[in-house]
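Pasting the structures here.
Two complexes, one shared chain (subunit A), two partners (subunit B, subunit C).
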Partner chain A sequence: MTYRNRLKMYFKKPHNIILTLLFVILLYLTIVPMITIIIDTFTVHQSELMRIKGSKVGSFTLYHWSKVLFSSLSAKMFYQPLLNTIVVALGTCFVAILIGGTVAWLITRTDMKYKTIISTLFIFPYIMPSWTLAMAWLNFFKNPLVGGAPGLFTVLTNIETPNWFAYGQFPIIMVLGLHYAPFAYILIGGILRNMDANLEEAALLMKASRARIMRKITIPIVLPALLSTFLLVFSSAMSAFAVPAFLGTPVRYQVLTTQMFRTLNGLNPGYGYIMALVMIIIGVLILAMNQKIIGKRKAFTTITGKSSNISLIKLRKGKVFISLFVLISTLLICIVPLISFAVESFIVEPGNYSLSNFSSVFWIGSGSPEIANGEPGILRNPSILLGLINSVKLAVVVSLVAGTVGILAGYAISKSRGTKLSSIVNNLAFFPYLMPSMAFGAIYLSMFAVRRGFIPPMYGTFALLVLVGSVKYLPFASRASIGAMHQLSGEIEEAATIQGIPWIKRMIKIIVPIQKASFISGYLLPFISCMRELSLFILLVTPATRILTTMLFQYNEKGWSQYANAINLLIVFFVVGSNVIVNRVTGASIDKGIGGN
Partner chain B sequence: MPEIRLENITKRFGKSVAVDNLTMTINDGEFISLLGPSGCGKTTTLRMIAGLETPTEGEIFIDDVCVFSSKTGIDISPDKRNVGFLFQNYALWPHMTVYKNISFGLENMKWNKKKIEERVVELVKMLKIEEYLDRYPSELSGGQQQRVAIARTLSTGPKILFMDEPLSNLDAKLRMEMRTELKRLHLETSSTFVYVTHDQLEAMTLSTKICLLKEGLLQQYQPPLSVYRDPSNFFVADFVGSPNINIIEMIGNVVNVDEVKLVNPSLSLLFTPTSKVVSISENQQLLLGIRPEDIVIDESGEFEAEVYSTLPSGMETIVKIKINDIILTSVVFGDVDFEIGKKVKISFPKNKYLLFDKESELQLSNGKLS
Partner chain C sequence: MKKTLIIALSLVLFALPVFASGNKEEVASPALQAEEKVMTHDELVAAAKEEGKVVVYATTSRIANAAEAFEAKYGIKTETSNLKDFELIEKISKEATSGVTGADFVIAQDGGRVQGELLNLGYLYSYVPESLKNIIPARYQDPLVFSIINKLFIFNNEASTQEPFENIWELTTEKWRGKFQFKNPYQESVNANFLTMVTKPEISDQIAKAYKDYFKKDIELTTDNAGYEWIKALYENKLIVTTSDTKTAESIGIKGQNKSENAGLFVFSKLRYISSKNLALQPLLEVQPFSGFYYPLYALMVSNAKHPAAAKLFIEFLLTDEGFKPWSSNMGTYSPNPNVQIQDGDYPVSFWEPILIAEDPVWCFENRAQVEEFLIEYLY
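And then the complex of A and B:
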């Protein structure tokens, strides 16, 4: 066979075409930006001309690296935020795994009551934007020490919250921990559900006590999954921006992301790119560790026999108390923040909760000069309407692009399973998952701010937001699709191929309908994530392309908390609403996409 | 002396009844098989006795101690019932070595290190797995895992051993070997074994008594050969035995005081009851059961038949024969084969033929055919 014929044969198969195309495109959209960001850390930028004496824009310099790592400023600018980031990420993991793991255990292994409602509600904090709880925390616990009005808690009890409780490290860890607890719950719950209950029963019959079974059997067996959860939560918490920005800024508590935002938006983009690079490296290291652990876990898979026979542990006397406690705390975390947003958005003078102070001006007011520079209420405000339209438009387009490309990627990757190209594309498609959102935004900022070959400068265009969103959320869709395709035996498609049915028809009429639920969650996840995304877009939006989340951030920075609360309510409403609708209509759900069962 | 007694045990899952009013006694030292098609409640029964499942109603006694009672609310936890349990999938702890798997139970009983080691060595010798002590379960073959699971279950010396289809994950040859060993183990440990299986051959060959269940209802509880020769109803007769029993639909009428004249378009026979008195109404619909080995093919036979197909396996040959419109299965021992389509003569010379009422499916009697 000649080389040419071989090539011809290769490209006769649709999945090979898809794979090759994806390889080229993903290489350009993930690896090339990595290289540009590295170059950026050694280049002089426009805004840095004044500092680096005698330099020209674009010339080589070691200034950024030496300043960030080895100067008198390093400690404050880089090392302290790095340390804070690590402390916050570790603390978040601890809180998330402790809470999520406990609830997962209670739901899968005990006879606790209200399981259905708890397991539904418990996912909520993860579906809602991460800063939701942060804003609620501020609404409740903010104190006048830092300036501004006191929170609900202080008003109701007359107890002034100390700074450490209201701002900085402690609330950031608590809020992020609660936000990622559902994530830990889904992962650990999945493992517990799949774990052969016979393993625990065997120990029970061997007269091991409950505590000993937990210590010697259950925990060691779920440990790899626990570690994997730990790493994923760690990397997510590390790249969180909104929560530290909301809760840390009042007391100047900086983490890498907030520091990156300051420097990239300010006068030292070079510093920011270095921080982005550091975060990406940590992210990649975490992936490598995770892969290694999951690889090992293979040896740990247990044949699930009759796991339907799980006998639930009786909580006996504690049953009512534990059930009610979990139910009430879940309700508190899910519902109370929403109520607080609603309340805050109707209050004219912050901190004054008397009835006369309530007003609908921030919702439907036409805008008067004495309130917030004459900004009209959010339901009549053209710029908020623009933000809402942009947000929805962006989320829809991103989910369509990411979802469709994800399906094709999953199809091509699993069809050519075992080949080198397949595993490379698989990794490339997963790569964006590890990139801290803000660093990813920074990369695209650096790469597409100028003309690249035939691609014009894209900064400030809607297309750039779509591009960055689609690439960032591709992993959600491709994971869902690969999982779905693996469950589908090849013969199902081959049976149609033999009858001469063309590829497009095979996809639309056979493969997609069979795995509908998984594919839809492949669209749903990017949609929801995009609706509530802040840090990915914040460096890239301009007034014309602003979206709800960035507006919320700006309003909050300006101190117009009523608007911020109202917008947040709007976002939560949209995200939760679309999740519920899609779930009802198609049976697809968000937890399916991230490894739950 | 451990004796297990179930009294009116019922287990419901939601609306479906898994076990329906089961009463039985398992005597000390017996090897009981709970046999039945899948979903008949045999595993549930086993798990209820072990305490892994809670019955909806009824009482369970082990060694005359009440371990469960729906009336008084007694529910002794599994670890206090002094039983061993061998799971279908072995349930070996994947993160422990063979040694740790076996010693875990002994550690729970606070044995000292030296005694534990002695006991583990004794067990691995008995089950011939000495060389695998430091391996993890994932590094063992199915048969080896099975042996480790048995060693682990035996380690604490339970007087009652429950086994839930322990051989179903093994290949045919290993299964044969393990059957032999389980039977020896039963003798050596002189414990009570309760064994769940859907494989009638396993139940027949291993147990001292078979408990046959169907849809949660007890069908028969007797030694294997009684179940085989004197099945209480059509279901039992059909479930036990391979190849299956031949069933012929017949119309019956009492003749000569105690004999039954059986007629159908292809065959007419006279049935002489030997175990019970048969009283039937006129032209009652009956089922005649003939075990394959009770059909004799030779020159002296009185019925004309034709060879329909043959399945020779060396030791025996299963011959399907056709009498008019009926096809019967028979077994001829030895390495013989028949030409398909050949005319042969058959007879029914034994005295173990079975008669069932078609409607109630109950067995009416054993008997002779002429």
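And then the complex of A and C:
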């Protein structure tokens, strides 16, 4: 066969066309930004003119690297925040795995009561925006030392919270830990559920103690999932921005993302790009480790089959207590923050929780210059309405793009499984997951602010938000789709191919109907993530393209906490609402996308 | 084979510029607009109505109210955006270099960067309405100042209306440890500019003198000058760094705190919360060697404006008593036009100038980087 004919044959198969196209596009959208960011760490930006004396915009400089890594400022500016970032990420993993793992074990392995409601509610903190709990923490525990008005806790109990408890490292770790606990719950729970209980029973028959079974059997089997959770939570916590920004700023506790926001947005983007680069490198290392471990896990799971009869551990006397304890804590974490937002959004005079101080002015008021510069209440505020419309529009478009491309990617990757191109595209499609959101936004800003060939300058356009969102959330959709497609036997489609049915029809009539639930999860995850995303978009939005989350951040910074609380409530309402509706209507759910069963 | 090759080649050629570093669009030269012939007011109105629309970016949110009044008066559509100072600078630069037309004029703060980046690079230019050339003092004309805002030392006067300190050095003593608040200078450039001004030789000399007056001995320098020394002492005395002046005003002014030392340096205009949010706040007006600082907001034309006449008309409108209403309805924001009414109980700019520190754009542009690096030691 000639070279040309082979090429022709190759491109006769739709999945090869998809794969090649994806390869080119993803290469451009992931590798080129990496190169751009590296160049940016050596370039003079406009706002650095006052810093680097006598320089011109765009000229080469070593200033950023020498200042960030080797100057008297490096410790405060870079090394300390880096250390803080690692401490926060490790602490978050510990809290998330401890809480998530325990709940997963209780639900899959014991006879605890209220399992259905707990397992539904426990996912909530992950569905809600991460700063929800951070804001709730502030509403409750803020102390007058820094915040002026005391929080609800102090008002109710008259106990003043110490600074370390109210702000900084401890609350950041707690809040992020709770936010990612569902993640651990889903991954570890999935393994526990599929684990062959016969192994444990065999040990039990041989009179091994509970502790010994735990140590020798349960934990070793769960270990790979545990490590995998650890790495994923670690990289997510590392790139978290909103939570450290809310809880760390009052006591000047800095992590890399908050430093990055300050430098990228302020006077020295060069510094920020270096930090972004460092975070991406850590992310890639984590991916490499994760893939090694996942590879091992696959070998592990082949041994274990699904057990037909899992014997549940009896909690005996502790049953009622443990069940109630877990139920009440879950309720506290899910419901109480929402109540506190509602309360905070109605009070006028800060810190005064008496009924006479309640007012609906922040919801439906027409705005007076005495309060917050005449900003109308959020339900009749045109700029908030614009933000809401933009948020919903963005989430819908992004989920359509990311979801569809993800499905096609999953299809093409699993169809040509084993080829080099397939595994390259697989990795490229996962790469955006590792890029810290803010760094990702920064790169796209720097890359697409100017005209590039046939691509017009996209600075300040809605299209840029869609692009960055679609690429960032592609991994969610492609993971869900690859997972589903791997389980689908090739014969089903081949039967149709033999009958000469065109590809489009095969997709619509065969593949999509079979994989409906997984595909819908592939659309749902980008939608929800996009609705509650802050750090990815914070550098990219302009007044015309503002979205709810960035407005919330602005209001909070300005100190208009009633508006911030009200908007937060609005976002939670939309995110949770759409999740529930999709769940009810289609049966698809968010935990499917993350990797549970 | 050939065909495939040609297709592949043309694809590559087509895609190549996508990878090239971005092409910068031509920036319209500001000189062109500046040389236009002077229009009479009526001609300007006619030209503005012809354009029918004006887009403005401003660092003040009340521009929306002024725009409503302007629309009502002239029937010209307005589009306003409220941005933070650095966002505005970033946006104007991006628009100028990428050739996107956005704003027609801006209301910007942060004199150093506005001068050093936007005016010097020709993205913006200053325009003074003909009718105001003889009214606005010359020092506020180049570049044209839109308003002046003051930030003062303000304390909680619930327990006593007696001013709690007389000299800025008192804030560095044990008595004031952890009791004084100031917004993070990284979050608002005018605060960074103020700290930069403090290090300017003539001001740091005054600070050295105030040191001698207060401690009865000469200052011993561990840094470049007395200005740096004061900043260092202030931050080392557990300065509370806040994220917004609103929050600062609230946390200082809330009643029932029973702290005799409780003050901050923030915008005077927050005193409007005294009644609406039930706060206890009072400014200090006799602190040595200064009682705070003031900074200008500039009204500047964008060089590649799509609606230049409407923009000029709007600027003229903003500098009149009528156009300035949204700001003059509260204390603490002053028009450079001395004919604009101020609130009862407030003072005119001429009262503030001698007791507050001004912002020198050139000094700030040259020296702020150094001050910011100095601050990193204490802020992070």
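Methods note: the second predicted complex is superposed on the first by the 591 of 597 C-alpha atoms of A that agree within 3 Å, B and C clash if a C-alpha of one lies under 4 Å from a C-alpha of the other, contacts with A are read in each partner's own complex, and residues count from 1 in each chain.
Just so it is clear, a contact is a pair of C-beta atoms (placed from the backbone, for glycine too) under 8 Å apart; a residue touches a chain by one contact, two chains touch by 3 or more.
Note that the structure is a prediction, hence the values are computed from the model and not measured.
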Scan A:Thr404 for contacts with subunit B and subunit C and give back first, second, both or neither. neither
Just to be sure I read the superposition right, which of the two partners does A:Pro220 touch: subunit B = first, subunit C = second, or both, or neither? first
Which partner chains sit in contact with A:Gln46 here, subunit B, subunit C, both or neither? Use first/second/both/neither. second
Output check: A:Arg4 vs subunit B and subunit C. Expected answer is one of first, second, both, neither. What do you get? second
Contacts of A:Glu201 with subunit B and subunit C, given as first, second, both or neither: first
According to the stated criteria, A:Arg212 is in contact with first (subunit B), second (subunit C), both, or neither; which is it? first
Chain touching more of subunit A, residue-wise (subunit B, subunit C): C
Given the complex with subunit C, which residues does subunit A contribute to the contact? 2-4, 7, 28, 32, 39, 46-47, 49-51, 73, 76-77, 80-81, 144-149, 249-250, 252, 254, 259, 262, 265-267, 348-352, 368-375, 449-455, 457, 459-460, 542-544, 557-560
Which residues, counting only subunit A, touch subunit B once they are in their complex? 196, 198-199, 201-209, 212, 216-217, 220-221, 223, 299-300, 302-306, 309, 311
Subunit A partner contacts - residues on subunit B that touch it in the complex: 43, 47, 50, 52-54, 77-79, 83-85, 87-89, 91, 93-95, 104-105, 108-109, 136, 138, 152, 155-156, 169
List the residues on subunit C that touch subunit A in their complex, please. 1, 4, 14-25, 57, 61-62, 65, 81-83, 86-87, 89-91, 93-95, 97-100, 102, 112-113, 116-117, 121, 178, 184, 186-187, 240-241, 243-248, 250-252, 254, 257, 272-273, 275-278, 326, 329-330, 365-366, 368-369, 372-373, 376-377, 379-380
